[in-house]
Amino acid sequence: MIKVGIIGSTGYAGAEIAKIIKNHPEAEVVWYGSRSYEGEKFSSIYKNFYELVDDDCLGDDIEKLADEVDVIFTATPQGLCSQIVNEDILKKVKIVDLSADFRIKDVNTYEKWYGLKHGSPEFIEEAVYGLCEVNRDKVKNARLVANPGCYTSCSILSIYPLAKEGLIDAKSIIVDAKSGTSGAGRGAKVANLFCEVNENIKAYGVTTHRHTPEIEEQLGYAAGEDVVINFTPHLVPMQRGILVTAYANLTKDVTYDEVKKIYDKYYKDEKFIRVLDKDVCPETRWVSGSNYVDVNFKIDERTGRIVIMGALDNLFKGAAGQAVQNMNILFGLPEDMGIDLIPGVL
Amino acid sequence: MIKVGIIGSTGYAGAEIAKIIKNHPEAEVVWYGSRSYEGEKFSSIYKNFYELVDDDCLGDDIEKLADEVDVIFTATPQGLCSQIVNEDILKKVKIVDLSADFRIKDVNTYEKWYGLKHGSPEFIEEAVYGLCEVNRDKVKNARLVANPGCYTSCSILSIYPLAKEGLIDAKSIIVDAKSGTSGAGRGAKVANLFCEVNENIKAYGVTTHRHTPEIEEQLGYAAGEDVVINFTPHLVPMQRGILVTAYANLTKDVTYDEVKKIYDKYYKDEKFIRVLDKDVCPETRWVSGSNYVDVNFKIDERTGRIVIMGALDNLFKGAAGQAVQNMNILFGLPEDMGIDLIPGVL
Amino acid sequence: MIKVGIIGSTGYAGAEIAKIIKNHPEAEVVWYGSRSYEGEKFSSIYKNFYELVDDDCLGDDIEKLADEVDVIFTATPQGLCSQIVNEDILKKVKIVDLSADFRIKDVNTYEKWYGLKHGSPEFIEEAVYGLCEVNRDKVKNARLVANPGCYTSCSILSIYPLAKEGLIDAKSIIVDAKSGTSGAGRGAKVANLFCEVNENIKAYGVTTHRHTPEIEEQLGYAAGEDVVINFTPHLVPMQRGILVTAYANLTKDVTYDEVKKIYDKYYKDEKFIRVLDKDVCPETRWVSGSNYVDVNFKIDERTGRIVIMGALDNLFKGAAGQAVQNMNILFGLPEDMGIDLIPGVL
Amino acid sequence: MIKVGIIGSTGYAGAEIAKIIKNHPEAEVVWYGSRSYEGEKFSSIYKNFYELVDDDCLGDDIEKLADEVDVIFTATPQGLCSQIVNEDILKKVKIVDLSADFRIKDVNTYEKWYGLKHGSPEFIEEAVYGLCEVNRDKVKNARLVANPGCYTSCSILSIYPLAKEGLIDAKSIIVDAKSGTSGAGRGAKVANLFCEVNENIKAYGVTTHRHTPEIEEQLGYAAGEDVVINFTPHLVPMQRGILVTAYANLTKDVTYDEVKKIYDKYYKDEKFIRVLDKDVCPETRWVSGSNYVDVNFKIDERTGRIVIMGALDNLFKGAAGQAVQNMNILFGLPEDMGIDLIPGVL
């Protein structure tokens, strides 16, 4: 039984990890970390766990934690993981970091986009970017996994085959993304109140959102050249789900069948990535509560562009589900263990 | 492996059964019945099943169906099950009927409240009312299970211990219930459009709702006397969930601890019924996507009443989950098999 | 032109007053008070006012404010108005207090239910309870108007004719109320985040909600005897609207027509109270964004009870609209001036 | 008093016209046309009008209607207006058509994108495209106004100044649009049920949506050259509002101030178009229930693109409000009469 510690277990992503692990046949949470609710019963915050979890929330004493668990999930704000990680810790436990601290290889880029001083740049090199379908081989032997961002997972997986095959102009990519509100976290902010979010849609972080360089870096690896994108996130009045609509100029004339073949090449054997039937648009509801990503595309002959769409559950494949998927890989378990939920809430 | 047929598999309750059975270790759906979508791929209607279910929707030829399955779920409008059931069918398969056809023992009451002629009154007597926690022993040997209504399950389970113990005046019970919109079904009706439901709440069926006699009959069995209630359902702008707030006059002075003891007497060993801690109010979100019912109560010394609250997921414990729970009982499986999901969508 | 000051203009009720007054032909806001946003542009907080209001938010210097305006609306938490009001202020300006400070005549009752020391009990006696349709004559000459609560306005107006005519047992009244989330205010609380409110319904303040004694007192005046009620509020995932479903034992056999006549007696000439047609249930959407209250009732012969329903917009008739209605009465203007909006958002 | 007839008054746009006209000082609705509800009270369908409108719904006898009114609004599906309009009608009344029938000058383009035979191509030439801020002079003397589409109004007005001034590459424009569900109409379709729309976002009509050629044509007039765009609409779980996020390549290096100056050149004197402050993103809630359009832009030096954002209320400025604005122009009234509502529902 893998012993799991969660730092930030009362945030939305942390609680989702707790929920997934609760049903995981080979893992159990033994440390519900929560600075905000230390000493309170976890199930008094997340009452769905009433009678199911009896633990109190613990603090974030990483040394103690590292002695008690096999893997730590840090579902915390940017900056925390890079401050608490060190060689000693990494010798004892695997770390799956859900923050952005180890996602970006160029520390200057990280510090510029995040406005933070990185706490332990010496571990950036070895950290593995945990986009399972792309990097699973590297994850296997990692000590430190940088779990991808929600927008990023959706954007990269949607576009990856086209970038990899050189089918799109690397400078032409525009990613227009829409997210449910759980992506904004559980902090008590006026902007995220029901009455501020409901019956509203807005863009935010236009041209400056922090997931931009992460998408660019990963698509750049795929394309084998620098990728520069426009990325615009939007806040949608729903709880879960990310939908990405991306646009790119095609580098040559292609048919639907040719592009479909390329998507199938990369994703046919990927359980959690579903390339939809022709003309079916991904919808967030069909992947909700699951680790699935639905992708599709449409060629526009009028404009010479391809429109790419992808949908995932931001808390699941976009955070907690992928984190557990990485844990499974790290510990040699079947990759879908415990995260093989049927998608769709209704 | 239990072979399952669903009549009405593309309605919300039917699709929920399909989803539950998909993860059930001892059952599989072999007949996705759907009059509306016969011949179409089930996963083209419920796209969450894309790549997971390959079946086409079939019709409702009950004879053929009865030869191919071990249990039939009829997730259909009132009146259908009573018209298609017969002795031959019942000899071949178990039937769990999610409609109201066999819930009410007095056929006149059924016909009056539903405005329908009952199609097979000869089976009413033997049908077992499938409220598992109350009637599990009777369900075991049933051929025909009348799966309770969503409002009814929530109302009865919330009030049952008090009625059973004679703690409340049987003529004083008022049930004010609130339901998510999936309870209204998947029919194309203007009244259930997003723009008609969102940002709105209304009562409906005031003094005339069909679940009234069902609640009265079952609470009457518990109380050992006639129960006459006011029942008022409300439509709430959410997808899932029922919350019941009930009021009754206490028949004697009681303390919190005394009443708590009574609830524990009936529910302490019931996995799916959780009596919450003092002063914690049930919320639909904490049971969403699960078979759990959360109940609690508050004594009001000022008025001499007790306020009783209960919450469940109308599609799960209020329909599909309980139907599968009944199937498990019918086939001698562990009662929670396949429906042991952690509650809570966020 | 009536000069208006708002203390608490950046709360939801305060901003609603600002919006109403903006279109009021005989009044203008000259003081946008907001402790939280003092010095910031009002239209930078409520961006709907961009290019329409150029004022900065001011503080709550009541002395200065009293010199500059004709009427002050205090749209502030309980306790503030009673602390800042004094004889000097009341000699200079009219005050319409949207908090509960002056609603309850018995200061002990206020202090017990609100857990606050009252700041100026000497003004309780003269304060007029500003339920316009009931007390408009008293409001005319008031200096200090206690604007009723949202739940209270809806509950009282729905039940008032029956209480007044002695048609219902004063000890049998149960009020089950449902409110949109704007009623919870604009404070940054986790409980009011989109992800905590959406897809959920819950009761709160069961048997202890502060609006209870206010409803009891006012219905007691109508009934001419003590009224003791159960009042249960619920939080509904919508922004605006209150729906009240109330239950009471009838004191005698009455027909629909007889009761209808009684409602018409009190409300036929009331512009803002609409007694709906037989069997039509009030819905919050039909009064949204307006000062209207829709009421109706249903007699249940089976139980000897009457079910009473009422709907209003909690921010409008339940707060800001009624406050302006009171202002109109105070200043001798047509009562519907500036609040005569067509109801219904969609 | 202008006499108004509405064909399609029980659709969402038609009812919005009815609501606006109800408060219009110089117009009144004398004909509530509704094929679906002919003979029923208008206020029995839209209960917000209870006690405010007493009329029954009438049919669509255009001849009779033309004799009784000064202006007809056709808030009907595509194809109807072009079939019922004729010279006789146009001699008698002004027509403001909210469908697409007369928006596109090239009848072949119309017939191709809409899949309909145009019923009266002889009137296309004289019809004026009623985007008031662009074409008000032409509207003045029109007999037949083609009221713009909701997506189109928002897209064109957001991009217009840049196209007009040649600041963007006419072939590079991508419009990613998000709409509330009222845009899908009030037809009883499964796809628009609450349970299908809530907690979901999806793109639809990708590369084929009918508003595409309308946007291209109008922006082409502005740019003085052919414009070819990608247009992708999305369905958002909210009732009202459209947000457009558009992307285009800048044709030269420009600063924020230079672009701001261009927007101000066209919109500074436009009451209903608000160019927001630097870095403030339009949000649909701030224009909800009003005729306002909020626009803004952001230059991205990294990509050489400009990101343009616009928000309006699809039922108001995107349909009914603009239709009344056109009526005001047609009849020489102040352009903002009756539509001068303060934006923002909360």
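Order of writing sets the chain letters: A, B, C and D. Residues in each chain are counted from 1.
Heads up, the rule we're going with is that a contact is a pair of C-beta atoms (placed from the backbone, for glycine too) under 8 Å apart; a residue touches a chain by one contact, two chains touch by 3 or more.
Small disclaimer: the values here were computed from a predicted structure and weren't measured.
Across the two interfaces under comparison, A-D and A-B, the one joined by more C-beta contacts turns out to be A-D. Chain centres here are means of the Cα atoms, and by that rule the chain farthest away from chain D is B. Centroid to centroid, with C-alpha atoms defining each point, chain A and chain D lie 38 Å apart.
Note on chain placement: the centre of chain A and the centre of chain C lie 45 Å apart, centres being C-alpha means.
For this pair, chain A with chain B, the centres built from the Cα atoms lie 37 Å apart.
In chain B, the residues that touch at least two other chains are 12, 182, 195-196, 198-199, 237-240, 283, 285, 288, 345-346. Residues of chain B touching chain C in their complex: 171, 174, 176, 178, 180, 195-196, 198-204, 206-207, 228-230, 232, 234, 236-241, 243, 245, 247, 281-285, 288, 298-300, 302-303, 305, 307, 309, 311, 345-346. Chain C makes touch with chain D in their complex at residues 12, 19, 22-23, 46-52, 182, 199, 239-240, 274, 276-277, 280, 283, 285-290, 294, 315, 341-346. Chain A makes touch with chain C in their complex at residues 12, 181-182, 186-190, 192-199, 237-239.
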